[in-house]
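Each chain carries a letter (A, B, C and D) given by its place in the written order, and its residues are counted from 1.
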Amino acid sequence: MERLMKIDRRIIYLLGAAIVFLTMLYPLGLPVAISDLARQTYNEVENLPDDAVVILSPMYDSGAMGELNPMFVALFRHCAERGYKIIIVNTQWVQGPQIVHKFATEIAEEYGYVYGEDWINLGSKPGAAIFLQTAVKDFWEACIEDFNGQPVESYPIMQLVPKVTAEYVDACLVLNCGTPGAPEWLAYVCQPEGIKLVIGEIQMSVPESMPYVQSGQYAGMIAGSRGCAEYEQLIGHPGQALKAQDTMSAIALMVTLFIILGNIGYLATRKK
Amino acid sequence: MMWFLAQEEAKPVLGLFVEGTIVDIIVVLLLGILIWVMVSRARTGRPIPEIKKIAGLEAIDEAIGRATEMGRPVTFIPGILSVSNAQTLAAFGVASHVARQCARYDTRLLVLTCDPLPYAVLEEITRQSYLEEGRPDAFNPDDVRFLSAEQFAFASAVIGVYERERPAANIMIGAFYAESMIFAETASFQGMISIGGTAHTHQLPFFVAACDYALIGEEIYAASAYLSKEPVLYGTVVGQDILKILVWIIILIGGIVATVNPETTFGKLFEF
Amino acid sequence: MNISTDPAIWTQAICILAVYTYLYKDNPIWRLAETVYLALATTYWFVFYFFTYIQPAIVDKAIGEGEWHYFLAVILGLMIFFRYIPSVAWLARYPMSFWVGYGTGYILSFEPAVWLTQITSTFLALNSIQNILIFIGVLSTLTYFFFTLAKENPVVGGVAEVGKWYIMIALGSAFGNTVLYRWNLFVARANTLLFDWLGVGQA
Amino acid sequence: MRKEGPMIVTVLSSLVVLFSNYFFLGQQWGLTDRLDYWFNISYGIALALGFVNLTIIHWKYVQRRREGWVYSVILLLVMYGYLLLGIVEQHTGPTFSWIYDNMMTVLGAAVFSLLAFLISSAAYRAFRIRTKEATILLVCAIFILLARAPIGDAIWSRWSYWGNEWFMGVLNTAGYRGILLGAYVGAFAVALRILLGLERAHLGGTGTQ
């Protein structure tokens, strides 16, 4: 029993890595059931008007890209498929727009999206909450230049959005991994202006965001990698997140097993 | 409920406020007045509602007592953020109590910091506490340490201290991120008594599951106010508490009204 | 197996492996990787904002369009660097107090509305198990955080105890989700190692 | 002017914002329109503080030959080398972006994925059902863990339904809302302390670090 409590940590590490590699090479293909939340989120994006303008905000950096990149891809693809105009901009998370730029460029090409007309990457701006309020008052002045260093006024797509208000913007899709993030978009843009807010949340923070989903403040939420796998199925483009689900199953089993093992050892030694 | 109705009528008459901000202003004013009154009463020593004893605090004394019996040191970590964070300030309040207890029982206290500013403040707090307990000679400035400003380097350094100094009690109060898990795990594995407290809900599971006692969220502010009796902190916690009790009553009324009359517009009152 | 010949992929793989040496123990390779990351991230931040925001504000707006007031903002921002000159360090407090005060104003202007919506959406008709559970949960959790009411009082204490259960359930769910989140991040790195670098499963 | 001045600026600037957002007249005047840009630009400039701070801290380490100073030398070299490259090429330059794509983001992502391993061994070595609370927490954690991965449904077809709709959607929502309601009040209280001049921590941070 003592031994059950003293498995070397490196054995756990190796086992974990082995499980990940094996399930990636030999996937089981377990079905991923689609939750009501994913369906609701999909419908919120799907049912925007055909000429909708959406802001897609990658509020993350390299630390969270493993989970949020697939969400960005799924959302960008969904919007492109529906023919929405897509504006990429964030605040404070300086790496975000550069990380997503290559995915956006690839998918845009696939759908014949023209940069500056159908989509634009405005880059990252300092100021957090106050940048968001500035964007509500005067979007051009708040952003000054796009990702490539051209004045934002020079692009046709920006002519559609002088301000981030419900009149010009149909929805904000925010990929959230910390502060500032979706709660700031909610408080400073979406709730006061009455713009629909759909978020992509890292799995870790999904529980924290549930109260906002229940209250309707988040119209929809892609709930972590699992939620993204469901969303990928709904838009009919299985991607990275769906592939990862088998690995997640194996990992969930492994961690459960280890917790139980550790506690059996604990209970046994405690009784002595 | 009269004041809601009064405001509802006052808005068009006065024409003073932006639409939909009346209740927000009331909330801000109310909390402002509560805090102001409580803080000034606490400063002048007039009676205000008392903060009741928090169970985690007894655990702190118990842990220090155990360390004393075993003749091994106590470690204190104030999180990894700087002094502008409210959690770090709460940690200072607890630190002073811990330092006094350690001085009183002649137990060695190691304070480990990840930011230069809390380091400077904590050195002063510890020195002062030893002085007030009449043990200035027992204070060793080398026991308050600035280990590293980088998160993981700090984590490694703390583990190093745990392994070399073999403390018997480990107290962690403040703003923690991923390192919380590493500390709690090592402390538990080495058989230390640990007490963890943070307002970061994403780190709380680790403290609850791996520490012997956890201070949950707001409890760290209350603990600090209770221990330090610092009027600003004390008054604020009491002021907040009164507002929370009011919210509790309003939610109860809201639920009852909604049950009795599902068509009610009670909730709409809060949108003015 | 079809190992990549792309130097970019090799660089990525080396970086990843260097970081994972930490799992064996704290070692110089890991510290080197951590140091390089910190240095690059700090510099990238600086360079990116400079070219996409600061420079356009100064060159295009202030000088180009003659909007002189932008200079005031620039000077205000630069004042923070006075903190490195002890004799005038106090001047650095001015921009700091502007940012803090300004941010405070915004918090008090916009956050209460979000908070109030959280309150009003708890005004649930108690006609379904879900609603009743949410209603009880919110009230009891809130009770747990009352610090001026004695938990020795059986009513307050009892309700707070229920609240504690809710908090534990919430934290348990946070833990379960966090485990999967962390492993997801590893899966993304494993993708790079396995498929991009080693080319496993490719012709 | 050293203590009162900043205090006055703090209180005034928050009052201006409150006036502009709450009062009809304030909104009409648009006092904050220009101040917003000032905030964004000055704040953007001050973000260079991190860069300068790091330089100073590590320069001191090198001077004092503090333990691990070699890493400080490397840090400074990489920082200034990359800066030089950035100045020459700008942020869209090919080499600058190459380093960004293939080193920086990869290192960042790898560092955070380390936690996958650490969390698993922590779960095994430290998570004990030593208290009633910890027991509830662990049972819920395992239930949610299996509900969020497809394996739960493979074991019992209703697992993810109960996990997502009931545990996450009802019990967890209620618990987190309770925590959130309190946390918001806490945030307002800190803001009000600043507004009332009771909180000065943000003004203490002067002088070299």
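Here, a contact is a pair of C-beta atoms (placed from the backbone, for glycine too) under 8 Å apart; a residue touches a chain by one contact, two chains touch by 3 or more.
All figures in this text were calculated on a predicted structure; none of them were measured in a lab.
**Q** What chain is the most remote from subunit C, judged by the mean position of CA atoms in each chain?
**A** The most distant chain relative to subunit C turns out to be B.
**Q** State, to the nearest whole Å, the distance from the C-alpha centre of subunit C to the C-alpha centre of subunit D.
**A** 3
**Q** Between subunit B and subunit C, tell me the centre distance in angstrom, where each centre is the average of that chain's C-alpha atoms.
**A** 20
**Q** Just curious, how far off is subunit B from subunit A if you go by their C-alpha centres, in Å?
**A** 31
**Q** I'd like to verify one number: the distance from the centre of subunit A to the centre of subunit C, where each centre is the average of its C-alpha atoms, in whole angstrom.
**A** Computed from C-alpha means, the inter-chain centre distance equals 14 Å.
**Q** Got the subunit C residues that touch at least 2 other chains?
**A** 22-23, 31, 34, 38, 41, 44-45, 48-49, 51-53, 57, 102, 106-115, 118-119, 121-122, 134-135, 138-139, 142, 144-145, 167-168, 170-175, 177-180, 182-183, 185-186, 188-189
**Q** Counting only residues that touch at least two other chains, what does the list for subunit B look like?
**A** 21, 24, 27-28, 152, 201-202, 205-206, 208-209, 217-218, 244, 247
**Q** Mind pulling the residue numbers of subunit D that touch at least two other chains?
**A** 18, 21-22, 37, 39-41, 43-44, 47, 90-91, 100-101, 104, 106-109, 111-113, 115-117, 119-121, 123, 125, 127-128, 130, 133, 137-138, 141-142, 145, 148-149, 168-169, 172-173, 176-177, 179-182, 185, 188, 192, 195, 202, 205
**Q** Touch graph of the chains shown: is it line, ring, star, complete or other?
**A** complete
**Q** What residues on subunit A touch subunit D, complex-wise?
**A** Residues of subunit A touching subunit D: 5, 7, 9, 12-13, 16-17, 30-33, 35-37, 61-66, 95, 98-99, 102, 125-127, 130-131, 133-134, 137-138, 141-142, 147-149, 203, 206-208, 210-211, 213-214, 224, 226, 245-246, 248-256, 258-259, 261-263, 266-267.
**Q** Across the complex, what residues on subunit B touch subunit A?
**A** 201-202
**Q** Show me the residue ranges of subunit B that touch subunit C in the complex, using the header's touch definition.
**A** The contact residues of subunit B facing subunit C are 20-21, 23-24, 27-28, 49-52, 54, 150, 152-153, 156, 201-202, 204-206, 208-209, 216-219, 222, 226, 237-238, 241-242, 244-245, 247-248, 250-252, 254-255, 257-259, 262, 266-267, 270-271.
**Q** How about subunit A: which of its residues touch subunit C in the complex?
**A** On the subunit A side, the touching residues are 10, 13, 16-17, 20-21, 24-25, 63-67, 69, 94-95, 98, 123-126, 129-130, 133, 144-145, 147, 149, 151, 183, 186-188, 191-192, 202-208, 211-212, 214-217, 224-226, 240, 244, 247-248, 251-252, 255.
**Q** Give the list of subunit D residues in touch with subunit C in this complex.
**A** Residues 2, 5-7, 9-18, 21-22, 34-35, 37-52, 54, 56, 68, 71, 74-76, 78-79, 82-83, 86-87, 90-91, 96, 98-104, 106-117, 119-120, 123, 133, 136-145, 147-149, 166-182, 184-185, 187-188, 191-192, 194-195, 202-203, 205-208 of subunit D touch subunit C in their complex.
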